[in-house]
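Pasting a structure here, questions to come.
Labels run A, B, C, D and E following the written order; every chain starts at residue 1.
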């Protein structure tokens, strides 16, 4: 799990809970079927109209994978690649059979090496898979951004519906306050869905997409070096030169 | 019919109905001539001013076609092309007369083949038709996006009109609530028209436009191969290489 | 007159009238000097500050010309060009003196031909005029877009002024409603000016600009062909090839 | 002084005055220290944070210069250049000493000519000065655009402050109206500052920047021609060819 | 410390204080746990979800450095470079050991010179460090811009929560005003955080980033000249030619 995302998600919910409880309010005031149906049902409907069922479900799968699958630092990838290159140099490519490899993408590539595929073929297969991942992330971003736009719009629609119903029947003055509270809940849910869930996830998927593209490129380059039996030290140097700018981009406190 | 769009459209209307009924409200509260005239009449007027009658009507025709015409998957197109290529190889181009072809665009192209047109001419005619389709979609998008902008604007104008009328005559306090309800209905309709109809359709047309362009390119390439009597296997391979990235783009769950 | 624009403009005003009358309201409620001065005077002031007097007045002139001057379809232009080319072939360029020509731009070009100008010179003069037209449209668009931004801003300013005045003196409760109605009128006028006038005109000018550029290019090409005595059939073919994509762009229902 | 800008500025203030007076209101209602401090002080603070003191003050200086300094039409510049070229042809460059030159930039360039600088050096010095002017305008635009964003934001902040203070102490119902009026004044001032001052000035500076760049380029080209003793007629022709498109861009009514 | 930023920051806070005190209000009215938790806690959560903990903390570190670290004018850098070049010319590179250098980046580079690194190596190391600084600023900008978006969104969410709680329990009319005041505080804090803190800092970081890139490039160029023993006058001239446009860009009042 991506720790920052988890912390932000849990922290956000906690903030909402605390500020309700801190006002002596009851969380039940915020549980109401009407706004929930309008905002969640409506947002889902709009996104379905725009992107279809497959892309809608796929976006959640992509987001789930992006947050729960293990992420390897570039250093870990380079280290593992050097270890494998060492083994291949000593015992040949076939000796890699059975070697323990943590990174799934590297494992797949090594299997292709052992199976004796040409460099061209291996590169093509792995690049295709890398592009598939990038495109999944791209579609995920599109869907979550669309949810980030549809959420507040459906919230406004829900609130307007509530206000229209309330105002067309104002015989009981005591019911006005609670009816208005329920109407406003739709705007509240719409704003929460967009700003605290959908848009941050879309942004996160964009960052993850760049990271994935880089770390998979790294693996592909390492495998091509291993295949032709390059010196592990040369591979290490080449990989480190390969990524400096991008790698540094993902961390901000290793510089003076 | 495009299933996701249908589901989203019906789902959206259902959501609106449920949340009105769920509040014990009557759907009649939302039926009122004033806001309907302002929002629907006004939006139509604005779009007519911007794009003229032909483009306005054309946009609905384009949207209708995009949603109701049968869509062929790239696999179906390749399969059909291979079948035809087989037949052409065995019996010559003339033997294709009378062969059953599901895809309309392929049918038209085959007829050009049978009529003995040069490859250059056939490619020109079919490319022209492909471009016409893309441009129809482009104009459709423009019109629906303009409706998505004009809808909320007219909604606001309608609500302001209602409020001005209400406030300039407040002698009967009991009429204030219902008058305000009617005024708010204009904003409600404007938001619904834009967010639950016009903008999703515009987005959908953009996706359909890309799909159409790709599948028509695919057919044109297949026909050029068939015309020169290429091996059906070669055609299949070429078509599959042709589209990988784009094809994958439209589906998100066929990758690890 | 551009029929769609006229229809949209009249339709929009009708919609406003109907929905006022439909509520049993009086159109007089919407006539008030205060908001009219703020919105129309203020919008004019802002646009003058931005673009100066010449460009401000020029924009209206450009819009007037764009809507009232006769527009020729590309087919009419090609037809007329072929007719003139026929005449020129039979009787020489000088025989074109006195020939009736509907299209003003073509007429001007033919006069240059008769006067014996070199092709280079004629092309330069006509291209310069074409660019002048395009630039007039561009400035017209800028001015109307600026009005579309300034209108709602001045409407808000007018409403705020009305509210401030009303709230600073609330001794007579009965005057609150009507005072607020007048304040809201400013927002109403600002929204109407922007959404039902200025922005649609700006959009229309953009479309007209593209059409003008294309049809004037067409005339220039025709004249160059006529000058060197090309076969009218060749000219027709060349002109038709010249514009297919663009021509189709302006109409959406001539395709399968 | 730029007449359109002056007219727009004075007209805008007049519009505000008239619509206050037209409602029988007193201009004193709009004079209040609280919103003035928040909007003007706050906007200044935000712009200072963004751009620093030098750029903030420089923007006003730039705007002042842009509006009050004499602007020369391209025709006047060409005319003056031709006159000088004539004089230089007859009496040599040195005879230009003491000649009366209206355009400041031209004057500076002529002095460089008389001092016997190389064409390269003169071009470098004058181009540098031209770029300095363009950059001053660019910074001026940035500052005024930032004011156009900060103004409404500070207006909202001021209104929120006023509302919070008002609502936390509502013991005297009679004070609610006036307190709310004062609160709304902040939004009013923010909207006026942004829409009727800062943004129009930013837009104007952009136009002026393009005009200045063009007219200074014109002067530089003229001086280079004068220095090598070109025929005044050739210089005139070259300058006219140089600018047609741009020149026309700044005026809209010299074309059919 | 960057003086303009400090002045703007202090000035902004003063403006808020004055306009509260100027209305006879108490600053305590604006101290309330509920909106503080929602806005500050919520904004932090959203930014953490988007960028993770490292980038979040790094942004504050970057902003702190940008505002508190000494900034050198380009003139100071050039002057110091010339002084060092003089010393190096007289006593050789080794004589630079122990020379007092104010600019940290220059100091680091001189040390590399003394250590006898090749020009290529030195340039690579220093360019890498320059890029690291630019990227830190870029991430800082991203984080502060995200705060500028999340702040108002969380403010709206907080206000909606307050309103919902208030309206669902309106038994005591006297509590309505103060409850609404507290609800509005969330919007107030969101607007203040975004407009008076986060967005100006993001903008400032962008300007600082450009300045840093330029002044570090300047140092690198100076060091390369010093290393090969160029004439200090030549170095000075080259550096001055190097930066004219950019340097002038950062100051607006040194031109006619």
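Convention: a residue touches a chain if its C-beta (ideal position, glycine included) is under 8 Å from a C-beta of that chain, and two chains touch if they have at least 3 such contacts.
From a predicted model like this one, the values you see are computed outputs, not experimental measurements.
Chemist: Please give the intersection of the contact partners of chain A with those of chain B.
Modeler: Touching chain A and chain B alike: no chains returned.
Chemist: How much rotation, in degrees rounded to the nearest 5, is required to superimpose chain C onto chain E on the basis of Cα coordinates?
Modeler: 145
Chemist: At the interface of chain C with chain D, does the proportion of residue numbers present on both copies reach over half, so same, or stay under half, so different?
Modeler: Mostly different residues.
Chemist: Between chain D and chain E, what's the gap in Å when you average each chain's C-alpha atoms?
Modeler: Once rounded, the distance between the two centres reads 29 Å.
Chemist: Taking each chain's centre as the mean of its CA atoms, how far is chain B from chain D in angstrom?
Modeler: So the centre of chain B lies 47 Å away from the centre of chain D.
Chemist: Residues touching two or more other chains, restricted to chain D: which are they?
Modeler: none
Chemist: Chain adjacency by touch: line, ring, star, complete or other shape?
Modeler: The chain contacts form a single closed ring, each chain touching exactly two others.
Chemist: What residues of chain A sit close enough to touch chain E in their complex?
Modeler: 2-5, 7-9, 11-12, 14-16, 18-20, 22-23, 25, 29-30, 177-178, 180-181, 184-185, 187-188, 191-192, 194-196, 200-201, 203-204, 207, 244-245, 248-249, 251-256
Chemist: Going by the contact rule at the top, pick out the chain B residues touching chain C in the complex.
Modeler: 33-35, 37-38, 41-42, 44-59, 61-62, 128-129, 131-133, 135-136, 139-140, 146, 150, 153-154, 156-158, 160-170, 182
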